[in-house]
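Okay, so chain A shows up in both of these, paired with chain B first and chain C after.
Up next, the complex of A and B:
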């Protein structure tokens, strides 16, 4: 079924680039670059789903690939440009909690951690592509979570969240090739809904407060 | 058939609220939630008799635990709709508020919570829980103040992050169930497949879901968004968020309990007790120092979620009956507390505990409601929470887990004193100047009366059908 070493090698290459884009989001200084990296990452996710769909003969994964391209590379960027265009095209640096070298150091630790989490799972069943996709997907999830924690602004936090979602799908494509409903529904409905709700909320915060540095919103504290 | 109607009615009400405008939105929503409550009662009655309600093939099902959660969501959905009528009407007098949007989203939010206990397919349950966040985001930010928007932001980002982490858990769970062999991806299907699943897959999935949905339940240390969202939303929404939305997410975690218990060599109980005790401890400390009375009730939610988790971790049929009882008592009492907090805010215009003194003279109804709510949620007799906490502690003692029970009992008493101290000062403290509180809308008063009925009844005497339902719910947890 998955005997093709070419597909396997291609998926490994895709996975490596996928991880690089996640690292790029951690390191980048500007919102537009973050968005472009997210689009690139989504394309790589779609490509991996396509490869796995061909290798495992799963129509569902081909659908996931198509939906990913439609929603994450076209619909979501369009939505964001319309709801929060001022945010995206601003050229100053994103406010961050940590500087870039320490961020990358933490990112490296998180990638190792992802392998620690994923390795015991891989021994349980023969799913060859999971060897690539599961640890890298989990790594992208951890990096996305870290992005949310380390960024203080609305749109970068949203892009971090979508990065986590990309990581889940990257891992999911390998471990559950035949789970049609959740993967397709989540990809088709949930992800754009998240982007829409958060985008609208960002715009409301922007018009109401004149800033989207959500990290500076700290009136709600316990002393 | 009822199950489909339960999901269709709120959908219709949402559309009608949007179409017909603000004058009709409130009565339509009230009518729809009343219908849903009546339907939920019939479903619960059937489930209490040991029945298993199903509809539209195998897509919607409802057993004891599902029926209990369904009934609680329907009940709070109804009382909060009644409360909204007056409360949102008052609130909309100040500033431009989109009342139509409020009711449209209100119905959809209730719909998403109703769907969680009804959906048979576990993958769809995940989507249901995820939708509860997305549909309530703008309800949390409804007041449109900087604080409300900040709360809405934290709420959406953190609980969605949690849900996405849980999604990987559900995918791994599916993977494990496929390795175990073909079978439906439903809760009973998972319980059946658990012994044949690779334990490491099941365990990893469990941890991802526990942490992911635990964020939505408000377990410490993922609770940071909860006091903000639960204090800044309008009181009617707070009642839903605190009373039943947390319960709906907790329901999913509780469903995993028998699945994990069925796998050889796995034991989720220490994790339940650990997370639960940490949550109760932190919430109790925060309860002592809290300054805002809506935040106080929010911290009390964290405390109660912790108690329920500890009770589930104690294990055994008696403790699980305590879980079902505590879920019920908490949902009823906490929604009542937020209604009381809502009328207090309407009366005095502040949420600051220190600024509210002598409420019993300026707004007697609000003061009585706050006192009753405080006693009920803190666990004084004759209210339901007292009985459920008693059942839990007794079950723990019977199974010899003295340390856990001792610590839990101590914390519950401290939390009781903290809540009552704050409420007592607000009600009876000497006011610097006696201000006449604003008059309360009739629908808010009516809500307090309606919501108080089960609050007292369930504590004094549990009707036989309800007792059967609680037992059925406990047995669904593997008790």
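Up next, the complex of A and C:
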């Protein structure tokens, strides 16, 4: 529990950028750009876990960092690029449930809400880093959920789901420094599996309908 | 006392003298990055010199506003240069007159007169550009307010000399998330306020697409020279506010020695060069946004500044 001020400040900075990338996934139009933002977000998550691992001398957190880099920045983008056809990445999302300025404003409200929710929880957490990681992680979870709601393309929705997952890890890294290895490994296997399944499903939707705007699949129809 | 007055005048002269150079370097670097050769970095000086020696034609349907606007637009950044830390870390003689909000008001005055003058001639492009500038302006307003709120909240003051020392004492303050987020939000504001690429194209010559630059289309001769010079100085002063007040006070003179103050000039110009490199990279890698997408750009800046406030709040 050294908690040196420089490590603390660096972690805070990482957290702020982490939140910015989550906002970016909410707001970007291009599918490819949101995938790149997700990769950046995962890198920041890994960096934060690394900082926390160094500060608390926890090997588990270093393992989290390694697993995050291996699965989320390498494996999942690779899977998504190979299961989902390339033309989806070139598309721009024209239609959204909400326009971008109002989604951003709602996102700002969600971030405030995350802080409101996290503040009473902070009293129980012993690690000083939780002050940064817990609210930001919860905010990233909210923003990921909001991404799923607000976007109509399949791949950004998946990225929203993965963003929720990133948020959970970001918050979890600070409050439970010694997460059992089995949980990390399970997540490392689960998440690519989710990405694979949704990727395959998206490919099917794309070949059947010629579009991946899954927001249009609201009602059943006979062709 | 007298040396503080002298330094203050030197500071203003630096802004007046080097502003066209910074503009020239910016456009040259941009051309180089886009695999072109580009004009000499001294081209803005030549343009201003040429315009100053040309006849001035003023429409007979225009009022005194049209003739007064270039002088107001020119005076605004000169006045701001008296207030902000261009070369020194300590306040100079005239710095007591206004804080950063005051700087914002003086800039707004110059912009207001330029807009009025654009409407005054009834040239169809002028009012269009003026109304678009107002649109960008009022969209940027809440972001400015949030940014200044955050600055005064984080640094405990809106006086630029106190703010700039706050970021480096101790150095951990520099890495504070609210500081970095503020920088990002303010950078986006500079791009919007100065008509840089994602919002407006500074080198465009297509009147229908212009935002900021169609306001000075009607000027010729000395008026055009002053407007051009004023634009360059506004850019210069905005960069100074960004790099010296918001980023760090590194390179500025600490002592009252003449040599130290003069040494600060090349150091500050080097800092500006680094900033211009970043700016040129942004300008070359992005496309100009359509008019109604500007709300998204500035909305993003607003949310970033809100996040800066929130991250700051949570740390207490």
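The definition used in the following text is that the second predicted complex is superposed on the first by the 207 of 223 C-alpha atoms of A that agree within 3 Å, B and C clash if a C-alpha of one lies under 4 Å from a C-alpha of the other, contacts with A are read in each partner's own complex, and residues count from 1 in each chain.
Here is the rule we use: a residue touches a chain if its C-beta (ideal position, glycine included) is under 8 Å from a C-beta of that chain, and two chains touch if they have at least 3 such contacts.
Given the structure is predicted, the values throughout are model-derived calculations rather than measurements.
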Which partner chains sit in contact with A:138 here, chain B, chain C, both or neither? Use first/second/both/neither. first
According to the stated criteria, A:198 is in contact with first (chain B), second (chain C), both, or neither; which is it? first
Thinking of the overlay built on chain A, is A:5 touched by chain B (first), by chain C (second), by both, or by neither? second
With the two structures laid over each other on chain A, which partner does A:209 touch: chain B (first), chain C (second), both, or neither? first
Does chain B (first) or chain C (second) touch A:175, or do both, or does neither? first
Looking at the overlay, what does A:13 touch: chain B (first), chain C (second), both, or neither? second
Tell me which touches more residues of chain A here: chain C or chain B. B
Once the shared chain is lined up, is A:120 touching chain B (first), chain C (second), both, or neither of them? first
For A:23 in the superposed arrangement: first (chain B), second (chain C), both or neither? second
Between chain B and chain C, which residues of chain A are contacted by each of them? none
Where on chain B does chain A make contact in their complex? 121, 123-124, 126-127, 130-131, 134, 137-138, 141, 144, 146-147, 149-154, 156-157, 160-161, 164-165, 167-168, 170-172, 174-176, 178-179, 185, 198, 200-201, 204, 227-228, 231-232, 286, 289-291, 295
Partner chain C, residues of chain A touching it in the complex: 5-6, 8-10, 12-13, 15-17, 19-20, 23, 27, 100-101, 104-105, 107-108, 111-112, 115, 118-119, 131-132, 135-136
Mind pulling up the chain A residues that touch chain B in the complex? 117, 120-121, 123-125, 127, 137-138, 141, 145, 148, 154, 157-158, 161, 164-165, 167-168, 171-172, 175-176, 178-179, 181-183, 185-186, 189-190, 193-194, 197-198, 200-201, 204-205, 208-209, 214, 217-220, 222-223
Spell out the part of chain C that touches chain A in their complex, as residue ranges. 170, 172-178, 180-181, 184, 295-296, 299-300, 302-304, 306-308, 310-311, 313-315
